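Below: a set of structures, written as structure tokens.
Both complexes shown next keep chain A, but they swap its partner, so chain B is in the first and chain C is in the second.
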Partner chain A sequence: MSTYLRAREIREEPVVTLAGEDIAQVKDIVFDPMRGTLTCFTLSGRGLLAGPLKRALLWKKVHALGPDAVMVRDGKALEEDDQAARESIDAPGGGHVIGARMMTEDGTVLGTITDVIIETGKAPQVIGYEVVSTAQTGRTLFLPVIKPSSVSEEMVVVPACTADFSAGDVVGLPAAAEGLRRRLEQET
Partner chain B sequence: MLLSSAQGRAVVAVSTAEQLGTITAVTLAPSPPHISAVRLKTRGRHGHVMAWSNVHSFGKDALTVRSVEALKPENELGSDEEAHRSHDPLGKPVLVETGECVGTIEDLDFDETDGRIRALFTAEGEIPGDRLIGVGSYAVIVQRPE
Partner chain C sequence: MDWWIWVVIGLAVLAAVASSVVAVQARRRSGDVIAGGTRPRGGRKGRQT
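== the complex of A and B ==
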């Protein structure tokens, strides 16, 4: 069974080894918005006074991403530095989608992205965004994103039919994503 | 035997007939899941630990041990040692290897002849002992059920 998490909920999750030691804490999630795959995590130390930890955790070193912890095999899973994280953040469209606007190919602004919804498990995938609707002021919508047309720092452009598959909550998002997937298959 | 029923039981040295202390807790190690050491309350401020290999017999009234020398003061143990208190599972959250919390360890059932773990107990229920992967300072890690 898959679980759906907001990026917000993954932030501050502990990074725990299979030996039961907590070695770091998730500071932020870096993902590839075009493919929807997670690239890596930036980290901070554990404890109240711990600052940022200048070591990245690459997705390929993660054992599993769950609702309560990011699991790694052992302490060797962390990179020696945060070079990898910085490179993916600096890559085009690799940075921040939160705060970006979501627009359809035919030029309608759907809203502002406030969070990213991730399907967890062995191969997590970004399945959609939490968006504050522009048309219905202040209303929060969940929009599935399968293949965005393009992504920049200001905007995520999606196929026009995306607007037909919004969900009112996270629970409804998988069904909306499935509907969008079928529609996109029909159109191609 | 349940750990809760073993706690408080006297620990007696067979060689000298002395009571060394009482059982307070245990530390666990994986593959196969077993008790690696017994933690004791002894006279003085700090407790002692003793490797399971030193257990002579788990009797009705006392745990008998082979030698007094096997007892080590708890505060002299490094965190990389099997008997270190960071491997004590009681009160720790149980994480499935997929990163999901399934409760907190309240008790465990073990085989008093060889120290093998039969089951772990949380408020939510029982987890078969053979699913245990590791016990660290933060959590108890178990395999996903088949």
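== the complex of A and C ==
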């Protein structure tokens, strides 16, 4: 069964081995903006004075992603360095999506992204964004994201019909995503 | 100056240093959600589909 988590709920989650050892903490969540799939996590050490770790956790090494912890088989699940994450983060395009504006292909700003909604399961993926609406001053909306035209540090450009499928809460987002998927299939 | 004034000043400096270290570490640890980029292929720029 899928559950829906806000990215802010996953950030700072502990990374725990199946043996019960707390080995790290999630720092950044890196995803493929076109497919929506999670790629990897960057990590921080545990403890008050621990800084970022120069090791990444690739999604394929994750045993389970839960609401309270990211589970891995053992300490070997962590990469020896953070090169895989850096390659994805430092490559051109993409960027930090929190704070970016969401705009339709017909030039309407839908709002500013305040969080990312992730559907958990065997292959968790980003299904939508929490957005503070520009048109409805300050109102929080949940907008599904399927086939974005582009994603950059400043802007996420989505098909124009995305605006027709907003939800008022996370619970309504899967239905909105399904509606958008059908509309896009009809249009192609 | 009385000795206790130096003690108070010393404690204040220690508290300031400790709180700034904790604040810097907290900032370094707080993460973000990052859309991964792609390496350019054949001179194509950006992530247009």
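Here, the second predicted complex is superposed on the first by the 186 of 188 C-alpha atoms of A that agree within 3 Å, B and C clash if a C-alpha of one lies under 4 Å from a C-alpha of the other, contacts with A are read in each partner's own complex, and residues count from 1 in each chain.
Heads up, the rule we're going with is that a contact is a pair of C-beta atoms (placed from the backbone, for glycine too) under 8 Å apart; a residue touches a chain by one contact, two chains touch by 3 or more.
If you're wondering where the values come from, they're calculated on a predicted model, not measured in any experiment.
> Using the touch definition from the top, say if A:L49 reaches chain B (first), chain C (second), both or neither.
After superposition on chain A, A:L49 lies in contact with chain C alone.
> Where does A:T39 make contact in the superposed view: on chain B (first), on chain C (second), on both, or on neither?
A:T39 contacts chain C only, not chain B.
> Looking only at contacts as defined up top, I'd like to know whether chain B or chain C touches more of chain A.
Comparing chain B with chain C, the partner touching more chain A residues is C.
> After superposition on the shared chain, which partner residues are touched by A:V30: those of chain B (first), chain C (second), both, or neither?
In the superposed model, A:V30 contacts chain C only, not chain B.
> Quick check on the superposed pair: does A:A175 touch chain B, chain C, both, or neither? Answer first, second, both or neither.
neither
> Determine, under the contact definition given at the top, whether A:A19 touches first (chain B), second (chain C), both, or neither.
First partner only, chain B.
> Which partner does A:A123 contact after superposing on A: first (chain B), second (chain C), both, neither?
neither
> Across the two complexes, find the residues of chain A that touch chain B and also touch chain C.
none
> Please name which positions on chain C make contact with chain A in the complex.
Touch residues, chain C against chain A: 21-22, 25, 28-40, 45-49.
> Looking at the complex, which residues from chain A come into contact with chain C?
That would be residues 7, 11-12, 25-34, 39, 42, 44, 48-52, 87-98, 115-116, 147, 149-152, 156 of chain A.
> For chain B, which residues are in contact with chain A within the complex?
Result: residues 86, 92-93, 95-101, 133-141 of chain B touch chain A.
> What residues on chain A touch chain B, complex-wise?
Contacts found on chain A: 3, 13-14, 16-22, 63-71, 120-122.
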